[in-house]
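For reference, the structures are reproduced in the following blocks.
Two complexes, one shared chain (chain A), two partners (chain B, chain C).
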Partner chain A sequence: MKRQLAYFLVIFIGFLTLLGHFINYSPLNNFIDNDATQWFDIISGFAAFLGVINLLQLHLNKIANKRDNWRYSIITLAGFTIMIIFGFIYNGSSVAMGPHLKEDGSAFYWMFQNIYLPLGATMFALLAFFVASASYRAFKIRNFEATLLLISGVFLMIGRVPIGQLIPWWMALEIYICLFFALIANRFEEKKKMLFSLVICIIVLPLITYFLNLHNLSIFKIPELQEWIMDVPATAGSRAIMIGIALGTIAQSYRIITGRERSILGD
Partner chain B sequence: MNQYVKYIFFPTVILLVYFFFPFSIFLSGNETTFICVVLLCFVVEYFIEKAKNGEEIYMRPIAAIKAMEEAVGRATEMGKPVLYVPGISSLDQIDTISGLTILGHVAGMTAEYDASLHVPVCVPIVMETAKETCKESYLKKGRPDLYRDDMVHYVTDDQFAYAAGVNGIMLREKPAAVFFQGKFYAESLILAETGNSIGAIQIAGTGSSSQIPFFVTACDYTLIGEEFYAASAYLSGSPEMLGSIKGQDYVKVGCMMLILIVFISSILNGYGIIDFDIVSLFRTNIIK
Partner chain C sequence: MELIKKIFIQLGQLDRRFIFLLIGLSVLIPLLKPDWINIPIKTTTNSKIVFEELNNLKEGDKVLVSFEYGASTKPEIHPMSVAVLQHLFSNGVKVYTVPLWPEGLMMAKYAIEEVVSSDLFNIEEHVDYVSLPYKAGGEIIIRGIATDMRSIFTQDVNNVLLTEIPMMTGINNITDFDFVFDLSAGVPGNAEWVQFACDEYKIPLSSGCTSIMVTDAIPYVESGQIRGILAGMPGAAEYEQMVFEYLNNDTYNKYLNKEAVIVPGKATSRMSAQSIAHLLMVIFIVFGNISYYLIRKRKI
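Presenting the complex of A and B:
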């Protein structure tokens, strides 16, 4: 019976919320936009206590039973207790309790500014190094797709820095010729032939481009090329994923509000 | 006959009522969304009905879903835990709900294989739901004795503090399998790279399109886009759930055809061969 009630509530509120987006009835719209979200906030607020209790239970148990790495739990609990004291008991500034949380000079604010924020910023800064290591792995030439990724990645990087604007058209053309030969290198049986063709192309193609007055084309300006990569292939790919996500979201929501998807309720 | 009434007559009537009802009971500006939602729901329902009637449904194998059981099996063999990260958002995000439905299946696998499961959570309300999901899964597999209350636990609400906490768990416990299933933001790469550094099998899934490239780079398998939402249905194996995915695929085919029509029509309109600008039909919401 308890479970049936839960299903009923999910289905009823699900359909009600869906209707609220299309029906022009102010009590329903008000319920969807304000009341329902407030209910959610209230329930979440109560759940915060459960989170705190869970945190305390877990770490106290760890310390009591001296489980692996129990010393870290002491630091967690110490941090928790200190912030509780500075938030609820000790003020340290002239303003009243409550507003002191945002008052420069209160103990809580000092801890927030000098410990919490720098630690958060440190974690965020780690991202730069992780991006570098992830890019290194992604850009390794393993197959055709990875090579394309590497090439477009290099153009994006060059195109977005000031030096990219200083690269002349002929150098861009030479880069394209070298990349083209790198892609077709394994088709040549004799390395000498490949080298000869490469040298000929490097000398002749810029001359042809110049005399045909093609050197003003956007393709020879790397900043414009990177813009094109971002605007056309990258946007097309991300939109395809977005359409898939939208369809998946509707289908998943439909399965939930019609009571077919019950895994979340433990079925 | 019944089928025609249900899947052609009903949606047609709903759309006619929506567009031609004399009183203003419908909100204006949501017409395109309404058409899409009605059509998608009826197509999905049609294929669910077909699947329930016993029609065989072919599902394209998805490597990431197939690898889930292998990852849990590997963790069992190595005697190491399975780490499941359900993202950093609350239950108002469909990604979190999808992550929790997948958690139900993963918990079922860990119960079956007798592997240790560890679920650090960022939002308390998600923690309570995840606990219930795991408990039910262990019960359903007949192994309630293996369920521990502390296998799902709260870490913190803060994004980077949570990332630091989960990274710490990964580095100390060295799980053999790591699942990232839910809504992720900037912490996705920090978590995935740490998982990669400890040599764990990593299976990610998210609806955050901006985080997908990071997961693709750092994880062994990634559920991209709608695959993530279909994973739970796929894992359940029930015909009606699989039918819904089939329906979703047909809608995708419809979208592709629509894109092609819009593309050709726009070219013809651009060269002045036809006067009608088809794109104007889809601009309703943007103008409002």
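Presenting the complex of A and C:
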């Protein structure tokens, strides 16, 4: 019975919310736009409370059973307790409780400013090191798809920063030539022939491009090429993903509000 | 020839710690000595669009600035939020800040404080800007702002009733704003502003976000649902430069304190570090590929 009541609530509220967007009836629209929004606010407030309980349970359990890395849980709980004390019990300044969370002088603000903020920035800054190391090891010309990824990645990395503007057209052309030869290198049986062709292309193609006045083309300006990659292929890919996600959301929502999807209640 | 091959193979198998050290130095040296490497910044089309959109706002126009970033993304987003606020205040625009992330509240406070302490403008709380508090709910809060803001917010961040703030008179939902500017580093972010508020109510929206988010946001930019985008630190540096030039050239600006010193923002000085780090990564990738090719040839 409990379960059926939960399903009924999900189905009823789901259809009601859906209808609110298609039927122009002011009490219904008002409920969807105002009342339901406030209900959500209240529920999300309780959800935060549940999250806190879950966090406590999880880490206390870990410490009690001395599971892997249980010592880190002590730090998590210590940090959690200290911030709770500074947020709700101990202020440390003359500012009233509540506004003290964002006022200089309070213990909570001190912790945010001097511990949380630098730690957060440090965590994100570490990404640069891992990205550098990972791209060095993983960005390899293994097949056609990997090569495409590598080329666009390199152009984006260079084109997004001011140094990309300093690369002259002829250097961009030489990069293209080298990338082209890197792609077709395996097709050459005689390496000397490949090297000869590469040297000829490196010398002759810039001259031809210059005399045909093609050096002003956007393709030879890396920042512009980068913008094109973002505007055309990246947009197309993102749109495809977005449409896919939207269709998936519609299908999943339909399953939920018609009671077909039971995993939401833990089944 | 064999020796060169060996060197290239070795270069492709560098120890991770050595890469970390080089990346660290490539970032640290330009940050400590910005004068050593001074690379000019060229503005991209999307940054120019954002600048033009905000520049077209008139005195007294109301702009909602949404803060959706935290400590981790502060170095990337914060410089653009300061530059955007400077630009808005220089045109006499009324600013309403709203955080949709818990940390966004502090970020909004820092950004406003930075603009106030720069002494560039004589701005006052509740006269030129209002800071709204954080409310949990993400996109539901966006929806609430779109339909009935007063049912969600009753006080500002300092617990002053909105009914007692003159700047809040007539502000009931998203249609009462002339523009929305979103500073985001995740969800809820610019996509949610498009989906739940700005697109439906036809309120112009621009955004500044982390570099990693640009690919997700760019379809909305291409369709015009987001009017230009400031993409990561480069976008912030471009915008800072445009605002810096604008403030320096606009000698008749009545909102600008003539005695105040206009200085370029933080993102501009960080761009050299990012440039060198990116270049170094590309060099690593090239070495890695040459080494990979040579090792594969040997195995064959």
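Assume the second predicted complex is superposed on the first by the 226 of 267 C-alpha atoms of A that agree within 3 Å, B and C clash if a C-alpha of one lies under 4 Å from a C-alpha of the other, contacts with A are read in each partner's own complex, and residues count from 1 in each chain.
In the analysis below, contacts are C-beta pairs under 8 Å (C-beta built on N, C-alpha and C of every residue); 3 or more make two chains touch, one makes a residue touch a chain.
Predicted model, so just to flag it, every value in this text is computed and none were measured.
Contact with chain C, but none with chain B, is seen for A:Pro223 once the two complexes are overlaid on the shared chain. Contact with both chain B and chain C is seen for A:Ala48 once the two complexes are overlaid on the shared chain. Within the superposed three-chain model, A:Val161 lies in touch with chain C and out of touch with chain B [touch as defined at top]. After overlaying the two complexes on the shared chain, residue contacts for A:Phe144 are found with neither chain B nor chain C. In the superposition on chain A, A:Glu261 contacts chain B only, with no contact to chain C. In the superposed model, A:Phe211 lies in contact with neither chain B nor chain C. In the superposition on chain A, A:Leu119 makes contact with both chain B and chain C. When the two structures are aligned on the shared chain, A:Met242 is found in touch with chain B and with chain C. In the superposition on chain A, the residues of chain A touched by chain B in one structure and by chain C in the other are 40, 44, 48, 119-120, 123-124, 131, 133, 135, 137, 238, 242.
Across the complex, chain A is touched by residues 18, 24-27, 30, 33-34, 36-37, 40-41, 44-45, 48, 90-92, 94, 97-98, 100-102, 104-105, 123-125, 127-129, 132-133, 135-137, 139-140, 150, 153-155, 157-161, 163-164, 168, 172, 186-187, 189-190, 192-193, 207, 209, 212, 214, 217-218, 224-230, 232-233, 236, 240-241, 244-245, 247-248, 251-252, 255 of chain B. Those residues of chain A whose C-beta lies close enough to touch chain C in the complex are 33-34, 37-38, 40-41, 44-45, 48, 98-99, 102, 112, 116-121, 123-125, 128-129, 131-133, 135-137, 139-141, 150, 153-154, 157-158, 160-163, 165-166, 182, 185, 223, 227, 230-231, 234-235, 237-239, 242.
Chain C meets chain A in the complex at residues 14, 16, 19-20, 23-24, 27, 39-42, 44-45, 70-75, 105-106, 109, 135-137, 140-141, 143-144, 147-148, 151-152, 157-159, 211, 214-216, 218-219, 222, 231-232, 234, 237, 271-272, 274-282, 284-285, 287-289, 292-293. Partner chain B is touched in their complex by these residues of chain A: 18, 21-25, 29, 40, 43-44, 47-52, 54-55, 57-58, 61, 68-69, 72, 119-120, 123-124, 126-127, 130-131, 133-135, 137-138, 238, 240-245, 247-256, 260-261, 263-267.
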